[in-house]
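Shown below is the structure under consideration.
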Amino acid sequence: MKTFLKTAVAAAAIALAGTFSASAEQVKVGFSPEAYPPFYSQDSSGKWGGWEVDIAMAICAEAKLDCVLTPIPWDGLIPGLKTKKIDAIMNSMSITAERQKEIDFSDKYYNTPTSIVGAKDQKFDASPEGLKGKVLGVQVSTVHAAYAKKHFASTAAEIKEYQTQDEANQDLAAGRIDATQADQIALDAFLKSDQGKGCCDMKGTVAPDLEVLGPGVGAGVRKGDTELKDKISAAIKGIRANGKYGEITKKYFDFDVYGDEVQSN
Amino acid sequence: MAMTRTIARTSEWLQPHRIVLIIVAAAIVLACAFLMRWDWLPAYLPLALQGIWRTIWLLVVTAALGITLAIPIGFAQAAGPAFLAVPARVFCTVIRGTPLLLQLWLLYYGLGSLFPQFPWIRESFLWPYLRQAWPYGVLALTLSYAGYEGEVMRGAFAGVPKGQLEAARAFGMRRWTAFRRIWLPQALRRALPTLAGETVLQLKATPLVATITMVDIYSVASRVRQETFVTYEPLLLLALVYMAITGVIVFAFRKIEARIPARLG
Amino acid sequence: MRTLTDIFLSASAAGLAELLAFDPPGWGGNLLRGLLASVGIACGSFGLGLLIGICGAYGKLYGSPMARDLFGLYTTIVRAVPELVLILLLYFAGTDLVNRLLTLLGYAPVDINGLIAGICVLGVVQGAYSTEVLRGAILAIPQGQIEAARAYGMSPILQLRRITLPAMAPYAIPGLANLWLIATKDTALLAVVGFNELTQTTRLAAGATKAYFTFFFAAGVLYLALTLVSNIIISRFERYSRRGMPSVMETR
């Protein structure tokens, strides 16, 4: 029995190794397969596109990396990175102190304000007092969830956590929650959609909290993988300088989403 | 006398290889306790207890409601007229033929997105409930249990020997009395061993409600994973919790079975 | 006041055909690709589960006391823990472990893709259930048949191939058929780890078009069709495996 088990394990391992020999040069860029327009969205042929896909590809081209987009659900991204399922995360993941304990980040490649959208028929603003007694929806394990728990937990009636922002939007339109907090650009896209137009409007931008919201969105890499980190940071600088970044951004937005210029850390 | 018997039974149970197994298991448990991270546990304990309570509540409520539905569904299939038997049969086939996750999402996101189109639903007294997640979770799990158990009850009703029913009629029992006193108790007794297994399956289905924002023990574990970035430990503990609940279910059903006289006609 | 049928009609009349068309911009092609992926995973995990099940049933019946206890532990644990939890545990921890093992053995770490991981995870779950089904089926074979085979001097492998497997098939098929249906439905759970099977593609299509009801309903129809087609094929198998046996009444 024992020898049988041993041979079986060895055979399985060899079979796996044979079929999926790792090629060293490929960089697997993890993203969560969910609609997050205008950054990520899937068309009906099954292809992923959007601003962040274009930017990620431009960064890879600039850094001469052979990148493949690898879908992993949002809450599995950091574990996946640590267990080498993926090599980098480019999925609108904000650089925060909490996450930096687990993974490293490249320099930011965009930064936009955080806003709250709510039902049209209710008047309130994006402050703890405004959200008094309201049900607020956020996406799990995002800076928005952390922010909402820190600032709104004491006044809001309930903070509901969704697996995807899209589902939070859906429930807002369905009247199940009163407001949702997310990235302003993503919420703008929602408000421009047929569904968002009818139900909801922008309630305002939340008060800044650098500690929770972080300095922007960067590419996540494994701790200690400085080579990849530096390559990506350099490539971000590169596409900012050579106009590629602006060119892609122009296709999606009428303003620069990069935010304030900051020195690389 | 009694003591020698216990000793004999213990030694039968405690064979040499079992001692080895127990030592290995103890070593694994100790290794888990000391080598893994458990520092998050105290902070999340109240939430975890609440989650366990929610899971058990969900299990008990949906199983009770489900079996109440399953009895008429099973009876309709086993002995009902065609206009009742056919819909019951279709119901069971549809429920058993599609994944519960899909049924849950169809109810919550699908049906939920239709509701706001009817102003009278939003104004009705039911709306405060319909906005929350738990009615959909309870409904989906109840229907699922009813679908599977309807099939079990069909077999159980059909398996009650004809002679029993004929005897009841010979005693001059009315149909309802015969159903209540003879048919139903015997069918339930026959179904009981299967029901124990099915209830464990129902327990294993409860974590799906976490995908529609309900806070059960599974979603507490995901929250720990997301907030602390501890990947495996919450899942291991979660597995342990489910195993404990399974043990309780099996034990409870055994107690019930033992209380009912086993002789079948 | 609008009625339900109004909603359905407004959603269906023009929109439905467009939404579910096979070519982009319709999402029908995507759904079918998802269905294909689901069937693929179900086949793979069912097959793997069957292999584990045969080993497990033999181990539990004829193995050493240690093997018996280990297989007992395996079936007990897997059947008590929700599939969703097992999938998360095996999906993340499993690939991690395989890679560490390979590094220990001196191989380079491999990239186990989602399909293989999904099949392995569901296969392990299926294995526990099919162990029990097959064990019951082997026990149902009249003891004399196996003794006769042994008396003829058949090797254990030959015995398994010629006597045990064919003789236990009629007893095992109802249970295995149930397991196959569970396998097809359990693939939906892989949506939670982001695997692109039918439920996940449906969720994406629904999210992109906001036609949640339509798409979840359509996926339900596809799953149901899969179940019904399976049922037809299974009943054929069952009839074939029962050939030569006296016809038995159904349980009713």
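Every chain is named by a letter (A, B and C) in the order it is written, and numbering of its residues begins at 1.
We adopt the following convention: a residue touches a chain if its C-beta (ideal position, glycine included) is under 8 Å from a C-beta of that chain, and two chains touch if they have at least 3 such contacts.
In this text the structure is predicted, and so the values were computed from the model without any measurement.
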Report summary line: The chain pair with the larger count of contacting C-beta pairs, comparing A-B against B-C, is B-C
Report task. Could you tell me which chain lies farthest from chain B when each chain's centre is the average position of its Cα atoms? Result -> A
Query - Chain centre separation in whole Å, for chain C relative to chain A (CA means) - result: 33
Report summary line: dist(centroid_CA(chain A), centroid_CA(chain B)) in Å evaluates to 36
Report summary line: Here the gap between chain B and chain C, centre to centre from mean Cα coordinates and rounded to Å, is 21
Report summary line: Residues of chain C that touch two or more other chains sit at 64, 66, 92, 192, 210, 212
Query raised in the report: Considering chain B alone, which of its residues make contact with at least two other chains?
Result: 109, 112-113, 211, 231
Query raised in the report: So which stretches of chain A touch two or more other chains?
Result: 79, 167, 170
Query - chain A residues touching chain B - in the complex, by the definition given at the top - result: 75, 78-79, 82, 99, 101-102, 135, 140-141, 160-163, 167, 170-171, 173-176, 199
Query raised in the report: If you look only at chain C, which of its residues touch chain B in the complex?
Result: 1-2, 4, 7, 64-66, 69-70, 77, 79-86, 88-89, 92-93, 181, 185-189, 191-192, 199, 202-203, 206, 210, 212-213, 216-217, 219-220, 223-224, 226-228, 251-252
Query - In the complex, chain C residues that touch chain A - result: 24-27, 29-30, 33, 59, 63-64, 66-67, 91-92, 95-96, 98-99, 101-102, 105, 107-114, 116, 192-194, 196, 200-201, 204-205, 207-208, 210, 212
**Report entry** Residue numbers on chain B that touch chain C, as the complex places them
**Finding:** 15, 17-18, 20-21, 78, 93-94, 96-103, 105-106, 109-114, 117-120, 155, 158-159, 200, 203-208, 211, 218, 231-232, 235-236, 238-239, 242-243, 246-247
Report summary line: Counting only contacts in the complex, chain B reaches chain A at residues 109, 112-113, 115-116, 122, 131-133, 211, 213, 219, 222-223, 225-227, 229, 231
